[in-house]
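Working notes, structure below.
Per-chain residue numbering starts at 1, and chain names A, B, C and D are given in the order in which the chains are listed.
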């Protein structure tokens, strides 16, 4: 018979798999419930049903939280781990009155769904992904840093060109930062855009540099995953 | 003399090639006809001609469907295959009255055009593409899953920031999901965009993560195709 | 002393280099002239100066055209080559009255500027680029074909969802094709966008597939260039 | 005891590290101050505090500038180096009256923050990045050149189609260039977009080519970084 620890923490036993599946289904359902609850014009009956389901799922999550603490090798480590804090935040608001709404944070529990990938086929893919991140980590950090610097330089530059022409939308470097974000990521909502010749020329310049910087991390992940696959094929113990 | 089966299923005989070419041309033409038929202000003469062409092409497709069933090794396998269902949907509405319009589904027949690539040069490229998908399949699934989780987390996050400020467009998590789709794919129509400082800062954060996730599958396909080419050069039987 | 043929066709002699530089500078300047001439509110003096410069440059290009014919190994081959036709189109409108304006076509002469890359350092890069195109050509064609099919399927799909809701902008498959172009390329001007729930869900679906198709050719070029570099390093004669 | 030269130029001594950290923190803070100073509605007290901080930071930067000149191996080389000019521009406006505002240029000092990456872990990543740029430099230049040619050809082409239909926004090749920039980079603000059938078809054509050109440099950087990592692993002295 499986021990409680095996049920809660070990996905490889049938009981553990059933427990994990139950929790993950409930996470998914509680997210559907949370999303539906934000709909403005729900019939009272539906809203009441959602409320009952919420109470049920929070109860299960509370029991799960207590069980995880009980069986953890190191309780302190679990309590202050990423998922330990997320798990607490998902249930806390129901027990103590809080001055701010933590319900959005519950969505982070969705990250627990990645456990689904612990299946044989996908556990290799997850391992390769971790290896790829280790291979390319420094370059990714370097390019994220360059991206942030570039966003700021873009904001200062466009402020110089558009600040006077469009004081409503480019009135400070912070306003301009929003333009830099939506331009360099190529989202381009169109709520802010340059209208002066200088601003447009500057946009061209910063985009020519920016496109070659911002798209690099995705390419790094892709090539590092290819490398990780190759290391695996060669039987190199990463 | 070629058998009926060779004509219908085998592109390597002259008769089979002629049959395939006829069907594929007709698919293309019937798509042009379908597209033109949606134009609002057509002269009656043109619309009548389109109607006649539709009757002709559906007749040919019906005969083709019967032939395919007749010559199939396993009739059940063909009937319930992807193309078997598409082929049926392309002709069904003309024989039985249906409560909904299936004509759009006919466009899926265009996928049959990929058979054009069975030419010598391109059959190698298609084989490499299948090999590449097999190489990178798990990673692609992993990243598609991560994309969907990210879209949902983005929707929940922006709901927290913009839900009160713009109840019309960010009024529920489902509304916000639309924002997440057009932002993380960098389409950015501009019909919905954050206006609060918190929402804009959150957009920056989710985009910095999102750009590094959503663009990865394309990179994976590209590197896997390079790998497939290399395996082929090395004469490794995939 | 260099022969006329060396001057006109051979960039490796000093005289040939001077001739090439003269023509290329003039191409660039005539493009600046053409662009300025489209400005609506130019002073008469400037417009007259532009006119004089146009006459001068067309004269030089005409002499160049005659020289190229004169020294060509095969005159017919030059006359019907890509650049032979472009060169003719750049001067023809000044000698015969034409029912349509060919001046825009002159811009194609800019492609002649790629000759600048015949410098030692860059001729290797151009050679690698040609090799890369040869390596990945079939895959690029395959993905461009898939892109076009996808654009059409996207147009038909969105017509099904938005055709009735927005007859002005999604009123036919051709209208919808424009939406498909600006959405799948992630340009997203915002002049057309779905408003129905079905249309938005379809947009998500087609984008998840589309992003993984449309960005692949660029990745293929990049990986093929890496491969070409590697072949060169290994001294493999491509 | 460290010499003055070691403190100012050498990050590897404790004193040098402290000096570098002080300057870099001050650069960051002076950028925050500069950004806040552009906010339109600041209380007088805050603005005064910002002014005092500006005087303080410019004083420190002036002392730093003098020290850098004093300890430089070659003073002329420093004075006319990229950072030498930026450092001067960051302080000059406070000592001489200038007819134009150089404060934006100060933001370039942020590039000094890349020195943070001289830490052991990241100095390898920076070295790999430099190696990658050297590997792919010619191809990157080639593709940037192709991008600029393509932007111009796109502008001329759309002018031909949209010039008459939308004289306000597509009235000259220069106006059209702005459209080409926001379209080919896929930003797509939506302030300018084609409305004619010809213009829309041309947009599709130029995008199919453009997407395969503009995204290549980022892919080149990614694959070259992968190559640089591989060279390092093989112990090849780059």
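Operating definition for what follows: a contact is a pair of C-beta atoms (placed from the backbone, for glycine too) under 8 Å apart; a residue touches a chain by one contact, two chains touch by 3 or more.
From a predicted model like this one, the values you see are computed outputs, not experimental measurements.
Student: For B-C, which listed pair, A-C, B-D or A-D, repeats its interface with over half of the contact pairs the same?
Tutor: Same contacts by residue number as B-C, out of A-C, B-D or A-D: A-D.
Student: Through what angle, to the nearest 5 degrees, does chain A rotate to match chain B on its C-alpha atoms?
Tutor: Best-fit rotation on C-alpha atoms: 90 degrees.
Student: Have a look at B-D versus C-D and report the one with more C-beta pairs in contact.
Tutor: Of the two interfaces, C-D and B-D, more C-beta pairs touch across C-D.
Student: Please report how many Å separate the Cα centroid of chain C from that of chain D, as a whole number.
Tutor: Here chain C and chain D have centroids separated by 28 Å.
Student: Roughly how far is chain B from chain D, going centre to centre by Cα mean, in whole Å?
Tutor: From the centre of chain B to the centre of chain D is 40 Å.
Student: Can you pull out the residues of chain D that are in contact with at least two other chains?
Tutor: 186-190, 214-215, 218-219, 222-223, 226
Student: Report the topology of the inter-chain touch graph, choosing from line, ring, star, complete and other.
Tutor: If you draw each chain as a dot and join those that touch, every dot ends up joined to every other.
Student: Residues of chain B touching chain C in their complex?
Tutor: The contact residues of chain B facing chain C are 31, 34-35, 38-40, 101, 104, 107-108, 110-111, 113-114, 116-117, 121-122, 124-126, 128-129, 140, 144, 147, 151, 178, 181-182, 185-191, 214-215, 217-219, 221-223, 225-226, 229-230.
Student: Spell out the residues on chain C that touch chain A in their complex, using ranges where they run on.
Tutor: Interface residues on chain C, with respect to chain A: 186-190, 219, 222.
Student: Under the definition above, what is the set of chain A residues touching chain D in their complex?
Tutor: 135-136, 138-139, 141-142, 145-146, 149, 152-153, 155-157, 159-160, 163, 167, 171-174, 183, 186-190, 193, 200, 203-204, 207-208, 211-216, 218-220, 222-224, 226-227
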